[in-house]
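Can you keep this structure in mind? I'll have questions shortly.
Should a chain be cited, it is by its letter among A, B, C and D, assigned in written order, with residues numbered from 1 in that chain.
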Amino acid sequence: MTTSRASDQTTASLLCEFLRLFYDKGWVAGTGGGICGALADGTMLMAPTGVHKERVTVDDLFRVDRQAAVVSPPKNPGLRLTECSTIFCAIAERRKAGSVMHSHALTAVLAADVARGGDRIIIRDLEMLKGIRGCTNADHHAVPVVDNTAREPELVAGIRRALDAPEFQHTACVLVRHHGAYIWGEDLWEAKRHAEVYHFLFEAVVGRARPA
Amino acid sequence: MTTSRASDQTTASLLCEFLRLFYDKGWVAGTGGGICGALADGTMLMAPTGVHKERVTVDDLFRVDRQAAVVSPPKNPGLRLTECSTIFCAIAERRKAGSVMHSHALTAVLAADVARGGDRIIIRDLEMLKGIRGCTNADHHAVPVVDNTAREPELVAGIRRALDAPEFQHTACVLVRHHGAYIWGEDLWEAKRHAEVYHFLFEAVVGRARPA
Amino acid sequence: MTTSRASDQTTASLLCEFLRLFYDKGWVAGTGGGICGALADGTMLMAPTGVHKERVTVDDLFRVDRQAAVVSPPKNPGLRLTECSTIFCAIAERRKAGSVMHSHALTAVLAADVARGGDRIIIRDLEMLKGIRGCTNADHHAVPVVDNTAREPELVAGIRRALDAPEFQHTACVLVRHHGAYIWGEDLWEAKRHAEVYHFLFEAVVGRARPA
Amino acid sequence: MTTSRASDQTTASLLCEFLRLFYDKGWVAGTGGGICGALADGTMLMAPTGVHKERVTVDDLFRVDRQAAVVSPPKNPGLRLTECSTIFCAIAERRKAGSVMHSHALTAVLAADVARGGDRIIIRDLEMLKGIRGCTNADHHAVPVVDNTAREPELVAGIRRALDAPEFQHTACVLVRHHGAYIWGEDLWEAKRHAEVYHFLFEAVVGRARPA
């Protein structure tokens, strides 16, 4: 098991491997969801939109700069860049994230439902909180919930506000109501860990909200 | 990843691959459920009835015309054409579907239960609605629920009525009460996407119907 | 896909394959559960007790006669015959079953709980009932629930009574309260189909018993 | 299938195989959870902390003595010994466990929630209790629930008290509130069986606590 900095080729392979993993977990079904990862030169690889995510190969990835402009498109001219590109870039910029994943998991939607229209959910009393960088299991961890918009680029403003809000400085996740979540880490491996941790926390929140 | 028009051989292979995938998801257990896909000449390949769907091979498929008459049966004389054949043809005709899948998922049954005897369920407040051709996330998406019948061919009339009803023109799915769902797309890949999207929506409807 | 009568070698392989499949579904976890299948000469192969069922190989199987006497033990002298052997034989005798599986699925336990101490559950309003030999989707299908006992051989009397009761002649399953289920078919393939159908039905019964 | 005493090499391989298995079951997601196993000379192999558990290889394991002092570290200097090491040693000492697994399963958290702040849950009316060494299906099986602490080594005192309490002498599991569970066996295979059995029991407790 290596924890050293991944080469660009490894990054591309891991992005596709993680999409298959996330598909198996039900987080990117129906062509939804996505992922990006930074390369050594600062550009980012992003998966295309509108495709079955578990079948994406390294040849299908877009290389984009930090303003979401395409530096190098995939060979297949039929592929289109993910609509999340500007969101991915906003998170990368404000949180120094080396990788961001976008989840369409039902459990993310149901966890956001627990906010009942409010702008956050509070997660507490769970050891798994320690899986989030900088958090302890005594935290009352606030995860922002932003309202959904008609198209994904319109989400950027709300997500930027959440990222800038002092009360959400410890989160590595933004929930989008009726939609899903954006989850990030300093590199691909932390993004994977945070993705697994937050989906666990969502399930805990939903499970505990049910009468027992 | 190819998005080009599949060859007939690819279509046959994909039908079997998707049956294995659907089996793993619990949508075609106990020999239930099925799938069909159109070939280049307009005939359709259909899986047999009464067999373990995850074990169907390309040699087991029936080739039928648009009136569900067998053009070319599989070599194994013990196999029988799916009882869904006339339903598959009705959907192909009225909705220009190149592929239809029939789901026996429990979540489809429980989602239809939410209609409490009514003729539809309304799905709303979910980004995943955008995964359905022509839909937006602001839609109040009506999915018809038709009553079950003793045998599958008797379902055709009810399904045809639902397909012809103006209020259901945007759906790519018909629920059959106590039974499951028919879900389609213009080709095999869209049918897969719609299958994943609708099963997600069913789970959301069922999950939200529970007290939290 | 073959539906022809399996050779003895195929039967042995399938028994092990199905144990792996059932393990993946959560039906034989923690060394619980089991399976048997009849050979051409009428003897039966049975899995050993107290072992991790997903790791059973053909060399681990016991060959027993119709009175559950061991005809041919496995090479490994540390293996012991399943405690279900007399139950398997009783079901094979009274229902001409060529294969019986014993499930430790939680859903079987929770479905039996729905009987609230009674001697049966009634399953209705489900197309999947047609997956049981001789049943229609209009049936009110009665599945017997027998009380658990301290040791498995003591279950035989209760299971025999259920098998002999006229009201349970259409079932291919006996539920054991707080324990699991026995499910059978005329051969291994029908036992697999019935296992998938009944577990689906159990989940439906449990899901519908919850407030929505 | 072998039930003979495993060689040290087999022990190392099995530890990694079981971590992959536990990951697939959702028990060690997000780098949480862990496992240890005793070697022939009495030292123990333990997985590192802070790594994706399904990717641990035999080269990543620490060899430690019975006081949790490292005898032989892995080659990769970036790896750190699990924080559970002193807990693993306490359980190995007091219960003669040859293997202990630490679960971060949500079902363990929700089962501990059922105690509503109390120091135990009682599990009864389940055949699966027989899967625990020394238990019968008539037992009212008490599983201790200890309060969580800020860091894992601080858990040792509470876990030791639970292990020493007469009323918990039959358990092979300690639940940690808001956190997960420690489950053990005399060897790796019994630890695996107990892990599967207890997680089944947790799900049963949680499922039965819901209104039906």
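Definition applied: a contact is a pair of C-beta atoms (placed from the backbone, for glycine too) under 8 Å apart; a residue touches a chain by one contact, two chains touch by 3 or more.
Please read these numbers as outputs of a predicted model, since none were measured by experiment.
J.: Copies chain A, chain D: same or different interface, half of numbers shared as the threshold?
T.: different
J.: Between chain B and chain C, what distance separates the C-alpha centroids? Give it in angstrom.
T.: Those two chain centres are 31 Å apart.
J.: What is the distance, in whole Å, between the centres of chain B and chain D, each centre taken as the mean of its C-alpha atoms?
T.: So the centre of chain B lies 44 Å away from the centre of chain D.
J.: For chain A, write out the residues touching at least two other chains, lowest number first.
T.: As it turns out, chain A has residues touching two or more other chains at 210-211.
J.: Once you've mapped the touching chain pairs, tell me: line, ring, star, complete or other?
T.: Its topology is that of a ring.
J.: In their complex, what parts of chain B are in touch with chain C?
T.: 29-32, 51-52, 55-57, 60, 76, 78, 104, 106, 109-110, 113-114, 148, 150, 176, 178-180, 206, 209-211
J.: In the complex of these two chains, what residues of chain A are touching chain D?
T.: 1, 3, 125-128, 131, 136-138, 189, 192-194, 196-197, 199-200, 203-204, 207-208, 210-212
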